[in-house]
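Take a look at the structures listed below.
In the two assemblies presented below, subunit A is common to both, partnered first by subunit B and then by subunit C.
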Partner chain A sequence: MINIIAIQSILQSFVSDISDIQGATLVSPDGLAIASALPERVDEERIAAMTAAMLSIGERIGRELARGQIDRVIVVGEKGYSVLVNCSDDAVLLILANANAKQGLLFLEIKRAVAELVPLLAEQPKANLLT
Partner chain B sequence: MEVLRIVITGAVGAGKTTLIRTISEIQVVDTDRQATDETALLKPTTTVAFDFGRLTFAPNQALHLYGTPGQARFDFIWDILIQKAHAYIFLVDAHRPQDFRSGRRILSFMNQRAKIPMLIGLTHMDCPGAWDLDDIALALGLFDEATRPAMVPINPTQPSSVSQALMRLVQELMKAPVLN
Partner chain C sequence: MSHQVREQLGDFSSIVCLKSIIAGMEDALGEKATAIALIAAGRARGKNLAESLSSMKPSTSLEDVADRMAIALGKDGTRLLVIDKIVQEGEVIKVYTKETVCSAGEPLGSARKCTFSLGTVWGALEQLLGERLQGKHTESVLRGNTHDVFEFTKRS
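Right, the complex of A and B next:
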(Lines of atoms letter the chains of each structure in order from A and count residues from 1; the text may use other names and numbers.)
(Lines give C-alpha, C1' and ligand atoms only; values in the text may rest on other atoms or scores of the structure.)
Protein backbone atom coordinates (compact mmCIF):
# COMPACT_ATOMS: atom_id res chain seq x y z
CA MET A 1 0.00 0.00 0.00
CA ILE A 2 1.05 3.56 -0.68
CA ASN A 3 1.97 5.27 2.56
CA ILE A 4 -0.43 8.17 2.45
CA ILE A 5 0.19 9.12 6.05
CA ALA A 6 3.91 9.49 5.44
CA ILE A 7 3.29 11.48 2.27
CA GLN A 8 0.80 13.68 4.05
CA SER A 9 3.27 14.43 6.80
CA ILE A 10 6.01 15.35 4.33
CA LEU A 11 3.62 17.76 2.61
CA GLN A 12 2.44 19.19 5.91
CA SER A 13 5.91 19.89 7.25
CA PHE A 14 6.97 21.26 3.89
CA VAL A 15 4.16 23.81 4.08
CA SER A 16 4.58 24.67 7.76
CA ASP A 17 8.41 24.76 7.83
CA ILE A 18 9.00 27.02 4.88
CA SER A 19 7.43 30.40 5.33
CA ASP A 20 6.71 31.37 1.74
CA ILE A 21 5.12 28.05 0.83
CA GLN A 22 1.36 28.14 1.21
CA GLY A 23 0.22 24.75 0.06
CA ALA A 24 1.12 21.47 -1.55
CA THR A 25 -0.80 18.60 -3.06
CA LEU A 26 0.23 15.35 -4.65
CA VAL A 27 -1.98 14.27 -7.51
CA SER A 28 -2.29 11.23 -9.78
CA PRO A 29 -1.70 11.90 -13.50
CA ASP A 30 -5.43 11.47 -14.12
CA GLY A 31 -6.30 14.20 -11.66
CA LEU A 32 -7.12 12.65 -8.29
CA ALA A 33 -5.59 13.98 -5.07
CA ILE A 34 -3.38 11.45 -3.30
CA ALA A 35 -2.51 13.68 -0.31
CA SER A 36 -2.74 17.42 0.33
CA ALA A 37 -1.76 20.25 2.61
CA LEU A 38 -3.72 23.03 0.99
CA PRO A 39 -5.11 26.33 2.28
CA GLU A 40 -8.74 26.12 3.47
CA ARG A 41 -10.26 28.01 0.59
CA VAL A 42 -8.78 25.73 -2.08
CA ASP A 43 -11.05 23.02 -3.50
CA GLU A 44 -8.82 19.95 -3.49
CA GLU A 45 -10.80 17.97 -6.05
CA ARG A 46 -10.83 20.79 -8.59
CA ILE A 47 -7.22 21.69 -8.09
CA ALA A 48 -6.16 18.07 -8.51
CA ALA A 49 -7.95 17.86 -11.85
CA MET A 50 -6.49 21.19 -12.97
CA THR A 51 -3.00 20.09 -11.99
CA ALA A 52 -3.23 16.97 -14.14
CA ALA A 53 -4.67 18.91 -17.09
CA MET A 54 -2.02 21.61 -16.84
CA LEU A 55 0.87 19.19 -16.64
CA SER A 56 -0.42 17.19 -19.59
CA ILE A 57 -0.69 20.35 -21.69
CA GLY A 58 2.76 21.49 -20.54
CA GLU A 59 4.17 18.14 -21.57
CA ARG A 60 2.52 18.33 -24.97
CA ILE A 61 3.86 21.83 -25.57
CA GLY A 62 7.28 20.65 -24.48
CA ARG A 63 7.14 17.76 -26.91
CA GLU A 64 5.82 19.89 -29.77
CA LEU A 65 8.63 22.39 -29.25
CA ALA A 66 11.28 19.74 -28.65
CA ARG A 67 12.01 20.82 -25.08
CA GLY A 68 12.81 17.29 -23.97
CA GLN A 69 11.52 15.75 -20.76
CA ILE A 70 9.42 18.33 -18.89
CA ASP A 71 10.17 18.60 -15.18
CA ARG A 72 7.97 21.46 -14.21
CA VAL A 73 5.30 23.89 -15.28
CA ILE A 74 5.22 27.24 -13.53
CA VAL A 75 2.40 29.76 -13.32
CA VAL A 76 3.50 33.12 -11.97
CA GLY A 77 0.95 35.68 -10.84
CA GLU A 78 1.22 38.94 -8.95
CA LYS A 79 0.32 37.11 -5.75
CA GLY A 80 2.72 34.25 -6.16
CA TYR A 81 3.64 31.01 -7.79
CA SER A 82 2.02 27.72 -8.66
CA VAL A 83 4.64 25.16 -9.54
CA LEU A 84 3.82 21.72 -10.95
CA VAL A 85 6.53 19.13 -10.75
CA ASN A 86 6.57 15.64 -12.20
CA CYS A 87 7.41 13.37 -9.26
CA SER A 88 7.14 9.94 -10.82
CA ASP A 89 4.99 8.17 -13.39
CA ASP A 90 2.27 8.03 -10.77
CA ALA A 91 2.33 11.47 -9.22
CA VAL A 92 2.52 15.19 -9.83
CA LEU A 93 3.33 17.63 -7.06
CA LEU A 94 1.69 21.06 -7.00
CA ILE A 95 3.22 23.76 -4.79
CA LEU A 96 1.70 27.15 -4.02
CA ALA A 97 4.08 29.88 -2.87
CA ASN A 98 3.54 33.56 -2.20
CA ALA A 99 5.14 36.38 -4.15
CA ASN A 100 7.93 36.86 -1.60
CA ALA A 101 9.40 33.47 -2.40
CA LYS A 102 12.80 33.57 -4.07
CA GLN A 103 12.61 31.41 -7.16
CA GLY A 104 15.99 29.74 -6.72
CA LEU A 105 15.32 28.81 -3.12
CA LEU A 106 11.80 27.74 -3.90
CA PHE A 107 12.97 25.30 -6.58
CA LEU A 108 15.63 23.98 -4.26
CA GLU A 109 13.09 23.29 -1.53
CA ILE A 110 10.77 21.66 -4.03
CA LYS A 111 13.58 19.44 -5.23
CA ARG A 112 14.20 18.36 -1.63
CA ALA A 113 10.54 17.58 -1.08
CA VAL A 114 10.39 15.56 -4.30
CA ALA A 115 13.46 13.60 -3.22
CA GLU A 116 11.64 12.70 0.00
CA LEU A 117 8.42 11.77 -1.77
CA VAL A 118 9.82 9.65 -4.60
CA PRO A 119 10.89 6.65 -2.48
CA LEU A 120 7.44 6.52 -0.89
CA LEU A 121 5.80 6.47 -4.30
CA ALA A 122 8.05 3.77 -5.65
CA GLU A 123 6.86 1.32 -3.00
CA GLN A 124 3.43 1.13 -4.32
CA PRO A 125 2.27 -1.09 -7.17
CA LYS A 126 0.09 0.77 -9.63
CA ALA A 127 -3.10 -1.14 -9.03
CA ASN A 128 -3.25 0.06 -5.45
CA LEU A 129 -4.03 3.55 -6.58
CA LEU A 130 -7.43 2.23 -7.63
CA THR A 131 -10.06 3.62 -5.33
CA MET B 1 -9.19 29.39 -44.12
CA GLU B 2 -12.46 29.36 -42.28
CA VAL B 3 -12.20 27.32 -39.12
CA LEU B 4 -15.19 25.80 -37.38
CA ARG B 5 -14.50 24.70 -33.85
CA ILE B 6 -16.40 21.55 -32.96
CA VAL B 7 -16.45 20.14 -29.44
CA ILE B 8 -16.93 16.40 -28.90
CA THR B 9 -18.26 15.73 -25.44
CA GLY B 10 -19.97 12.99 -23.44
CA ALA B 11 -19.40 10.71 -20.46
CA VAL B 12 -16.32 8.57 -19.85
CA GLY B 13 -15.78 5.95 -22.53
CA ALA B 14 -18.42 7.31 -24.91
CA GLY B 15 -15.80 7.41 -27.68
CA LYS B 16 -14.72 11.07 -27.86
CA THR B 17 -10.98 10.43 -28.22
CA THR B 18 -11.61 7.53 -30.59
CA LEU B 19 -13.81 9.66 -32.84
CA ILE B 20 -11.18 12.37 -33.19
CA ARG B 21 -8.39 9.85 -33.78
CA THR B 22 -10.47 8.18 -36.47
CA ILE B 23 -11.13 11.29 -38.51
CA SER B 24 -8.25 13.70 -37.89
CA GLU B 25 -5.87 14.36 -40.78
CA ILE B 26 -3.13 15.44 -38.39
CA GLN B 27 -1.65 13.39 -35.62
CA VAL B 28 -4.05 13.94 -32.76
CA VAL B 29 -2.89 15.85 -29.75
CA ASP B 30 -4.23 13.70 -26.99
CA THR B 31 -3.75 14.08 -23.27
CA ASP B 32 -4.71 10.59 -22.19
CA ARG B 33 -3.21 9.38 -18.92
CA GLN B 34 -3.44 6.11 -17.06
CA ALA B 35 -6.82 5.92 -15.34
CA THR B 36 -6.76 5.33 -11.58
CA ASP B 37 -10.44 5.99 -10.82
CA GLU B 38 -13.38 3.73 -11.75
CA THR B 39 -12.59 4.50 -15.41
CA ALA B 40 -9.78 1.93 -15.09
CA LEU B 41 -12.39 -0.83 -15.01
CA LEU B 42 -13.53 0.26 -18.46
CA LYS B 43 -10.29 1.15 -20.23
CA PRO B 44 -6.64 1.81 -19.43
CA THR B 45 -6.39 5.54 -20.17
CA THR B 46 -8.55 8.62 -19.90
CA THR B 47 -8.42 12.17 -21.27
CA VAL B 48 -7.26 14.73 -18.69
CA ALA B 49 -7.20 17.95 -20.72
CA PHE B 50 -8.44 17.65 -24.30
CA ASP B 51 -7.95 15.96 -27.65
CA PHE B 52 -7.28 18.06 -30.70
CA GLY B 53 -7.62 17.04 -34.33
CA ARG B 54 -8.26 18.72 -37.67
CA LEU B 55 -10.27 17.88 -40.74
CA THR B 56 -10.25 19.95 -43.93
CA PHE B 57 -13.56 19.43 -45.70
CA ALA B 58 -13.48 22.08 -48.41
CA PRO B 59 -10.60 23.99 -50.02
CA ASN B 60 -10.90 26.79 -47.51
CA GLN B 61 -12.86 25.22 -44.67
CA ALA B 62 -11.57 23.14 -41.81
CA LEU B 63 -12.99 21.66 -38.68
CA HIS B 64 -10.99 21.90 -35.51
CA LEU B 65 -12.13 19.06 -33.28
CA TYR B 66 -11.77 19.29 -29.51
CA GLY B 67 -12.56 16.28 -27.33
CA THR B 68 -13.37 16.92 -23.68
CA PRO B 69 -12.63 14.77 -20.65
CA GLY B 70 -15.63 12.82 -19.36
CA GLN B 71 -15.29 13.10 -15.58
CA ALA B 72 -17.03 15.99 -13.84
CA ARG B 73 -13.85 16.94 -11.99
CA PHE B 74 -12.70 18.31 -15.35
CA ASP B 75 -15.72 20.56 -15.82
CA PHE B 76 -13.45 23.62 -16.02
CA ILE B 77 -12.18 22.18 -19.31
CA TRP B 78 -15.76 21.63 -20.52
CA ASP B 79 -16.31 25.30 -19.85
CA ILE B 80 -13.15 26.50 -21.62
CA LEU B 81 -13.85 24.45 -24.72
CA ILE B 82 -17.56 25.13 -25.09
CA GLN B 83 -17.11 28.91 -24.79
CA LYS B 84 -15.28 29.01 -28.13
CA ALA B 85 -17.19 26.27 -29.94
CA HIS B 86 -19.33 26.81 -33.04
CA ALA B 87 -21.15 23.52 -32.58
CA TYR B 88 -20.84 20.31 -30.62
CA ILE B 89 -21.57 16.62 -30.63
CA PHE B 90 -22.69 14.95 -27.44
CA LEU B 91 -21.85 11.24 -27.44
CA VAL B 92 -23.73 8.66 -25.40
CA ASP B 93 -22.63 5.06 -25.03
CA ALA B 94 -25.93 3.32 -25.77
CA HIS B 95 -24.99 0.14 -23.93
CA ARG B 96 -23.95 1.72 -20.61
CA PRO B 97 -27.16 3.01 -19.06
CA GLN B 98 -25.27 3.48 -15.78
CA ASP B 99 -23.52 6.43 -17.48
CA PHE B 100 -26.66 8.18 -18.74
CA ARG B 101 -26.91 10.24 -15.60
CA SER B 102 -23.40 11.64 -15.91
CA GLY B 103 -24.07 12.23 -19.60
CA ARG B 104 -27.18 14.15 -18.75
CA ARG B 105 -25.17 16.34 -16.43
CA ILE B 106 -22.71 17.18 -19.22
CA LEU B 107 -25.57 17.91 -21.60
CA SER B 108 -27.18 20.37 -19.23
CA PHE B 109 -23.81 21.98 -18.49
CA MET B 110 -23.26 22.59 -22.21
CA ASN B 111 -26.83 23.67 -22.74
CA GLN B 112 -26.59 26.36 -20.10
CA ARG B 113 -23.41 27.80 -21.56
CA ALA B 114 -23.85 27.54 -25.28
CA LYS B 115 -26.85 28.00 -27.51
CA ILE B 116 -25.18 26.53 -30.55
CA PRO B 117 -26.05 23.81 -33.05
CA MET B 118 -25.50 20.31 -31.72
CA LEU B 119 -26.11 16.65 -32.38
CA ILE B 120 -26.51 13.72 -30.08
CA GLY B 121 -24.43 10.76 -31.25
CA LEU B 122 -25.32 7.30 -30.02
CA THR B 123 -22.23 5.11 -29.86
CA HIS B 124 -21.78 1.41 -29.13
CA MET B 125 -25.06 0.69 -30.90
CA ASP B 126 -23.43 -2.49 -32.19
CA CYS B 127 -22.81 -3.76 -28.66
CA PRO B 128 -25.08 -6.23 -26.87
CA GLY B 129 -27.59 -4.54 -24.60
CA ALA B 130 -27.57 -1.24 -26.48
CA TRP B 131 -30.69 0.81 -25.77
CA ASP B 132 -32.65 2.13 -28.68
CA LEU B 133 -32.88 5.76 -29.64
CA ASP B 134 -36.23 6.65 -28.10
CA ASP B 135 -35.41 5.05 -24.77
CA ILE B 136 -32.12 6.93 -24.61
CA ALA B 137 -33.93 10.18 -25.39
CA LEU B 138 -36.24 9.57 -22.44
CA ALA B 139 -33.33 8.64 -20.18
CA LEU B 140 -31.67 11.92 -21.08
CA GLY B 141 -34.82 13.83 -20.22
CA LEU B 142 -35.62 14.69 -23.84
CA PHE B 143 -39.34 14.00 -23.79
CA ASP B 144 -40.54 15.97 -26.76
CA GLU B 145 -39.60 14.39 -30.03
CA ALA B 146 -40.45 17.57 -31.93
CA THR B 147 -38.06 19.81 -30.03
CA ARG B 148 -35.27 17.46 -29.05
CA PRO B 149 -31.89 17.74 -30.78
CA ALA B 150 -31.14 15.48 -33.74
CA MET B 151 -30.02 12.04 -32.57
CA VAL B 152 -27.91 9.84 -34.82
CA PRO B 153 -26.04 6.58 -34.36
CA ILE B 154 -22.29 7.11 -34.71
CA ASN B 155 -19.57 4.50 -34.66
CA PRO B 156 -16.46 6.45 -33.60
CA THR B 157 -14.22 3.66 -34.84
CA GLN B 158 -15.47 4.02 -38.45
CA PRO B 159 -14.32 6.96 -40.59
CA SER B 160 -17.42 6.93 -42.80
CA SER B 161 -19.76 7.03 -39.83
CA VAL B 162 -17.82 9.86 -38.20
CA SER B 163 -17.60 11.98 -41.33
CA GLN B 164 -21.31 11.53 -41.99
CA ALA B 165 -22.14 12.82 -38.54
CA LEU B 166 -19.74 15.74 -38.86
CA MET B 167 -21.22 16.74 -42.21
CA ARG B 168 -24.67 16.59 -40.68
CA LEU B 169 -23.47 18.92 -37.94
CA VAL B 170 -21.93 21.30 -40.46
CA GLN B 171 -25.30 21.41 -42.25
CA GLU B 172 -27.02 22.30 -38.99
CA LEU B 173 -24.42 24.99 -38.51
CA MET B 174 -25.02 26.46 -41.96
CA LYS B 175 -28.76 26.52 -41.27
CA ALA B 176 -28.26 28.30 -37.95
CA PRO B 177 -29.12 32.00 -38.04
CA VAL B 178 -25.83 33.40 -36.71
CA LEU B 179 -22.31 32.10 -36.59
CA ASN B 180 -20.64 33.20 -33.40
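Right, the complex of A and C next:
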Protein backbone atom coordinates (compact mmCIF):
# COMPACT_ATOMS: atom_id res chain seq x y z
CA MET A 1 0.00 0.00 0.00
CA ILE A 2 1.05 3.54 -0.69
CA ASN A 3 2.35 5.42 2.36
CA ILE A 4 -0.03 8.40 2.33
CA ILE A 5 1.23 9.71 5.67
CA ALA A 6 4.82 9.87 4.40
CA ILE A 7 3.75 11.58 1.18
CA GLN A 8 1.58 14.05 3.08
CA SER A 9 4.51 14.80 5.36
CA ILE A 10 6.84 15.48 2.41
CA LEU A 11 4.31 17.85 0.83
CA GLN A 12 3.65 19.60 4.13
CA SER A 13 7.38 20.12 4.80
CA PHE A 14 7.92 21.27 1.23
CA VAL A 15 5.27 23.97 1.63
CA SER A 16 6.16 25.08 5.14
CA ASP A 17 9.98 24.97 4.82
CA ILE A 18 10.32 27.00 1.62
CA SER A 19 8.95 30.50 1.97
CA ASP A 20 7.89 31.11 -1.62
CA ILE A 21 6.00 27.83 -2.00
CA GLN A 22 2.28 28.29 -1.32
CA GLY A 23 0.88 24.85 -1.94
CA ALA A 24 1.45 21.39 -3.34
CA THR A 25 -0.74 18.49 -4.32
CA LEU A 26 -0.06 15.04 -5.68
CA VAL A 27 -2.75 13.58 -7.93
CA SER A 28 -3.28 10.39 -9.89
CA PRO A 29 -3.07 10.56 -13.70
CA ASP A 30 -6.85 10.17 -13.85
CA GLY A 31 -7.38 13.25 -11.70
CA LEU A 32 -7.91 12.01 -8.15
CA ALA A 33 -6.17 13.62 -5.20
CA ILE A 34 -3.56 11.42 -3.47
CA ALA A 35 -2.27 13.94 -0.91
CA SER A 36 -2.36 17.71 -0.61
CA ALA A 37 -0.93 20.70 1.22
CA LEU A 38 -2.98 23.39 -0.45
CA PRO A 39 -4.08 26.83 0.75
CA GLU A 40 -7.45 27.02 2.50
CA ARG A 41 -10.62 27.38 0.46
CA VAL A 42 -9.10 25.50 -2.47
CA ASP A 43 -11.30 22.73 -3.86
CA GLU A 44 -8.95 19.71 -3.76
CA GLU A 45 -11.10 17.55 -6.06
CA ARG A 46 -11.35 20.25 -8.72
CA ILE A 47 -7.63 21.05 -8.57
CA ALA A 48 -6.81 17.34 -8.90
CA ALA A 49 -8.91 16.94 -12.06
CA MET A 50 -7.54 20.17 -13.49
CA THR A 51 -3.95 19.16 -12.77
CA ALA A 52 -4.22 15.80 -14.52
CA ALA A 53 -6.09 17.34 -17.46
CA MET A 54 -3.50 20.12 -17.84
CA LEU A 55 -0.59 17.72 -17.90
CA SER A 56 -2.41 15.53 -20.38
CA ILE A 57 -3.01 18.55 -22.63
CA GLY A 58 0.65 19.51 -22.21
CA GLU A 59 1.68 16.03 -23.32
CA ARG A 60 -0.66 16.27 -26.30
CA ILE A 61 0.81 19.63 -27.28
CA GLY A 62 4.27 18.13 -26.92
CA ARG A 63 3.34 15.32 -29.28
CA GLU A 64 1.50 17.48 -31.83
CA LEU A 65 4.26 20.06 -31.96
CA ALA A 66 7.05 17.47 -31.84
CA ARG A 67 8.50 18.73 -28.53
CA GLY A 68 9.27 15.24 -27.27
CA GLN A 69 8.64 13.95 -23.75
CA ILE A 70 7.12 16.66 -21.56
CA ASP A 71 9.11 17.37 -18.42
CA ARG A 72 6.86 20.01 -16.84
CA VAL A 73 4.07 22.45 -17.55
CA ILE A 74 4.44 25.96 -16.14
CA VAL A 75 1.74 28.61 -15.85
CA VAL A 76 3.10 32.04 -14.94
CA GLY A 77 0.65 34.62 -13.63
CA GLU A 78 1.12 38.06 -12.09
CA LYS A 79 0.77 36.50 -8.64
CA GLY A 80 3.06 33.55 -9.18
CA TYR A 81 3.70 30.16 -10.67
CA SER A 82 1.83 26.90 -11.08
CA VAL A 83 4.24 24.10 -11.97
CA LEU A 84 3.10 20.64 -13.02
CA VAL A 85 5.60 17.81 -12.99
CA ASN A 86 5.21 14.15 -13.89
CA CYS A 87 6.10 12.21 -10.78
CA SER A 88 6.50 8.62 -12.08
CA ASP A 89 3.75 6.99 -14.15
CA ASP A 90 1.39 6.99 -11.17
CA ALA A 91 1.23 10.60 -10.10
CA VAL A 92 1.42 14.25 -11.08
CA LEU A 93 2.79 16.91 -8.74
CA LEU A 94 1.38 20.45 -8.75
CA ILE A 95 3.34 23.19 -7.01
CA LEU A 96 2.07 26.71 -6.38
CA ALA A 97 4.69 29.40 -5.77
CA ASN A 98 4.43 33.15 -5.35
CA ALA A 99 5.82 35.71 -7.79
CA ASN A 100 8.95 36.26 -5.67
CA ALA A 101 10.16 32.71 -6.17
CA LYS A 102 13.42 32.38 -8.06
CA GLN A 103 12.81 29.99 -10.93
CA GLY A 104 16.12 28.14 -10.69
CA LEU A 105 15.73 27.55 -6.97
CA LEU A 106 12.07 26.61 -7.40
CA PHE A 107 12.85 23.95 -9.99
CA LEU A 108 15.72 22.60 -7.89
CA GLU A 109 13.43 22.25 -4.86
CA ILE A 110 10.75 20.59 -7.01
CA LYS A 111 13.35 18.13 -8.33
CA ARG A 112 14.31 17.27 -4.76
CA ALA A 113 10.69 16.79 -3.73
CA VAL A 114 10.06 14.53 -6.74
CA ALA A 115 13.13 12.46 -5.83
CA GLU A 116 11.68 11.95 -2.34
CA LEU A 117 8.20 11.10 -3.62
CA VAL A 118 9.07 8.66 -6.41
CA PRO A 119 10.27 5.77 -4.17
CA LEU A 120 7.09 6.04 -2.10
CA LEU A 121 4.94 5.94 -5.22
CA ALA A 122 6.72 2.84 -6.46
CA GLU A 123 4.84 0.96 -3.72
CA GLN A 124 1.48 2.07 -5.15
CA PRO A 125 -0.53 -0.45 -7.18
CA LYS A 126 -1.51 0.95 -10.58
CA ALA A 127 -5.15 1.98 -10.63
CA ASN A 128 -5.61 4.16 -13.67
CA LEU A 129 -9.22 4.00 -14.80
CA LEU A 130 -8.50 5.68 -18.10
CA THR A 131 -6.23 2.99 -19.46
CA MET B 1 -39.48 16.01 -15.26
CA SER B 2 -41.59 18.76 -13.83
CA HIS B 3 -39.40 21.74 -14.71
CA GLN B 4 -38.75 23.00 -18.23
CA VAL B 5 -35.84 25.27 -19.03
CA ARG B 6 -36.95 25.88 -22.63
CA GLU B 7 -40.39 27.08 -23.61
CA GLN B 8 -40.79 25.17 -26.87
CA LEU B 9 -38.17 22.43 -26.81
CA GLY B 10 -38.26 21.36 -23.16
CA ASP B 11 -35.32 20.00 -21.17
CA PHE B 12 -33.96 17.38 -23.56
CA SER B 13 -31.48 17.54 -26.40
CA SER B 14 -30.30 14.92 -28.88
CA ILE B 15 -27.52 12.47 -28.06
CA VAL B 16 -26.12 13.29 -31.52
CA CYS B 17 -25.33 16.82 -30.32
CA LEU B 18 -23.80 15.54 -27.09
CA LYS B 19 -21.60 13.13 -29.06
CA SER B 20 -20.45 16.02 -31.23
CA ILE B 21 -19.48 18.00 -28.13
CA ILE B 22 -17.45 15.06 -26.85
CA ALA B 23 -15.83 14.44 -30.25
CA GLY B 24 -14.88 18.11 -30.50
CA MET B 25 -13.39 18.12 -27.00
CA GLU B 26 -11.40 14.97 -27.76
CA ASP B 27 -10.12 16.52 -30.97
CA ALA B 28 -8.97 19.71 -29.21
CA LEU B 29 -7.88 18.39 -25.82
CA GLY B 30 -7.17 14.70 -26.40
CA GLU B 31 -9.11 11.68 -25.18
CA LYS B 32 -7.49 11.53 -21.77
CA ALA B 33 -7.95 15.18 -20.80
CA THR B 34 -11.53 15.02 -22.09
CA ALA B 35 -12.21 11.90 -20.06
CA ILE B 36 -10.78 13.52 -16.92
CA ALA B 37 -12.93 16.61 -17.45
CA LEU B 38 -16.10 14.62 -18.15
CA ILE B 39 -15.61 12.32 -15.16
CA ALA B 40 -15.03 15.38 -12.95
CA ALA B 41 -18.13 17.04 -14.41
CA GLY B 42 -20.12 13.85 -13.81
CA ARG B 43 -18.94 13.62 -10.21
CA ALA B 44 -20.03 17.20 -9.56
CA ARG B 45 -23.41 16.47 -11.18
CA GLY B 46 -23.79 13.27 -9.17
CA LYS B 47 -22.97 15.11 -5.95
CA ASN B 48 -25.63 17.75 -6.66
CA LEU B 49 -28.10 15.07 -7.59
CA ALA B 50 -27.43 13.19 -4.36
CA GLU B 51 -27.86 16.37 -2.33
CA SER B 52 -31.29 16.84 -3.86
CA LEU B 53 -32.13 13.18 -3.23
CA SER B 54 -30.86 13.33 0.37
CA SER B 55 -32.95 16.39 1.10
CA MET B 56 -36.03 14.21 0.64
CA LYS B 57 -34.98 11.50 3.09
CA PRO B 58 -31.56 10.26 4.34
CA SER B 59 -30.53 6.87 2.99
CA THR B 60 -28.33 4.04 4.16
CA SER B 61 -29.22 0.92 2.17
CA LEU B 62 -27.77 0.31 -1.30
CA GLU B 63 -31.18 -0.86 -2.50
CA ASP B 64 -32.76 2.44 -1.54
CA VAL B 65 -29.85 4.35 -3.12
CA ALA B 66 -30.28 2.34 -6.33
CA ASP B 67 -34.04 2.99 -6.45
CA ARG B 68 -33.65 6.72 -5.98
CA MET B 69 -30.79 7.07 -8.45
CA ALA B 70 -32.64 4.93 -10.99
CA ILE B 71 -35.62 7.27 -10.84
CA ALA B 72 -33.55 10.46 -10.92
CA LEU B 73 -31.36 9.36 -13.84
CA GLY B 74 -33.72 7.07 -15.74
CA LYS B 75 -36.83 7.34 -17.90
CA ASP B 76 -38.69 9.54 -15.45
CA GLY B 77 -35.63 11.61 -14.65
CA THR B 78 -32.83 13.08 -16.77
CA ARG B 79 -32.51 9.96 -18.96
CA LEU B 80 -28.74 9.71 -18.53
CA LEU B 81 -28.85 5.94 -18.09
CA VAL B 82 -30.85 3.02 -16.73
CA ILE B 83 -29.72 1.61 -13.37
CA ASP B 84 -30.81 -2.02 -13.08
CA LYS B 85 -29.20 -2.82 -9.74
CA ILE B 86 -26.45 -1.94 -7.28
CA VAL B 87 -24.81 -4.83 -5.44
CA GLN B 88 -21.98 -5.14 -2.96
CA GLU B 89 -19.48 -7.97 -3.47
CA GLY B 90 -16.99 -7.91 -0.62
CA GLU B 91 -15.46 -4.47 -0.66
CA VAL B 92 -16.60 -3.72 -4.21
CA ILE B 93 -19.84 -1.90 -5.04
CA LYS B 94 -21.04 -2.83 -8.53
CA VAL B 95 -23.53 -0.66 -10.38
CA TYR B 96 -25.23 -2.36 -13.34
CA THR B 97 -26.35 0.18 -15.93
CA LYS B 98 -27.54 0.13 -19.53
CA GLU B 99 -28.49 2.59 -22.23
CA THR B 100 -25.81 4.93 -20.90
CA VAL B 101 -25.49 8.16 -22.81
CA CYS B 102 -21.76 7.44 -23.17
CA SER B 103 -22.22 4.11 -24.97
CA ALA B 104 -25.22 5.21 -27.02
CA GLY B 105 -24.63 5.26 -30.77
CA GLU B 106 -21.22 3.61 -30.49
CA PRO B 107 -20.46 0.64 -32.78
CA LEU B 108 -20.14 -2.80 -31.21
CA GLY B 109 -16.50 -3.45 -30.38
CA SER B 110 -15.78 0.23 -29.78
CA ALA B 111 -13.15 0.85 -27.11
CA ARG B 112 -15.07 3.82 -25.72
CA LYS B 113 -15.46 3.93 -21.94
CA CYS B 114 -18.14 5.70 -19.94
CA THR B 115 -16.95 9.00 -18.49
CA PHE B 116 -19.79 11.37 -17.61
CA SER B 117 -22.11 8.45 -16.75
CA LEU B 118 -19.44 6.85 -14.56
CA GLY B 119 -18.73 10.19 -12.88
CA THR B 120 -22.38 10.90 -12.16
CA VAL B 121 -22.95 7.54 -10.47
CA TRP B 122 -19.61 7.95 -8.67
CA GLY B 123 -20.40 11.42 -7.30
CA ALA B 124 -23.90 10.40 -6.22
CA LEU B 125 -22.65 7.28 -4.44
CA GLU B 126 -19.87 9.19 -2.65
CA GLN B 127 -22.34 11.75 -1.43
CA LEU B 128 -25.09 9.31 -0.45
CA LEU B 129 -22.72 6.86 1.28
CA GLY B 130 -20.44 9.54 2.76
CA GLU B 131 -17.28 7.79 1.53
CA ARG B 132 -14.47 8.60 -0.90
CA LEU B 133 -14.53 6.03 -3.68
CA GLN B 134 -12.34 4.91 -6.58
CA GLY B 135 -14.47 4.21 -9.65
CA LYS B 136 -13.85 2.16 -12.75
CA HIS B 137 -15.82 1.09 -15.83
CA THR B 138 -15.24 -2.67 -15.96
CA GLU B 139 -17.80 -4.24 -18.31
CA SER B 140 -19.27 -2.67 -21.43
CA VAL B 141 -22.27 -3.33 -23.64
CA LEU B 142 -19.99 -2.33 -26.51
CA ARG B 143 -17.78 -5.33 -25.79
CA GLY B 144 -20.43 -8.04 -25.50
CA ASN B 145 -21.60 -7.59 -21.91
CA THR B 146 -25.24 -7.19 -20.94
CA HIS B 147 -24.55 -4.04 -18.90
CA ASP B 148 -22.13 -1.18 -18.49
CA VAL B 149 -20.81 -2.05 -15.04
CA PHE B 150 -19.18 0.53 -12.79
CA GLU B 151 -17.13 -0.77 -9.86
CA PHE B 152 -16.33 1.29 -6.79
CA THR B 153 -13.91 0.65 -3.95
CA LYS B 154 -13.09 2.75 -0.92
CA ARG B 155 -10.30 5.28 -1.43
CA SER B 156 -7.89 6.29 1.33
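One rule holds for everything that comes next: the second predicted complex is superposed on the first by the 126 of 131 C-alpha atoms of A that agree within 3 Å, B and C clash if a C-alpha of one lies under 4 Å from a C-alpha of the other, contacts with A are read in each partner's own complex, and residues count from 1 in each chain.
The rule we apply is simple: contacts are C-beta pairs under 8 Å (C-beta built on N, C-alpha and C of every residue); 3 or more make two chains touch, one makes a residue touch a chain.
Note that the structure is a prediction, hence the values are computed from the model and not measured.
Steric overlap between subunit B and subunit C is present once the structures are superposed on subunit A. Judged by the touch definition given at the top, the superposed model places A:31 against both subunit B and subunit C. In the overlay built on the shared chain, the residue A:52 is in contact with subunit B and with subunit C.
Touch criterion met: A:60 reaches subunit B and subunit C at once. Once the two complexes are overlaid on the shared chain, A:4 sits against subunit C while remaining clear of subunit B.
On subunit A, the surface touched by subunit B in one complex and the surface touched by subunit C in the other have residues 29-32, 45-46, 49, 52-54, 56-57, 60, 129-130 in common. In the complex of the two chains, the subunit A residues touching subunit C come out as 1-2, 4, 29-32, 45-46, 49, 52-54, 56-57, 59-60, 127, 129-130. Within the complex, the subunit C residues that touch subunit A are 29-30, 32-33, 35-37, 39-40, 43, 113, 118, 134-137, 155-156. Here subunit B touches subunit A in the complex through residues 29, 31, 33-40, 46, 48-49, 69, 71, 73-74, 76-77, going by the rule given at the top.
Listed in rising order, the residues of subunit A touching subunit B in the complex are 28-32, 45-46, 48-50, 52-54, 56-57, 60, 64, 89, 126, 129-131.
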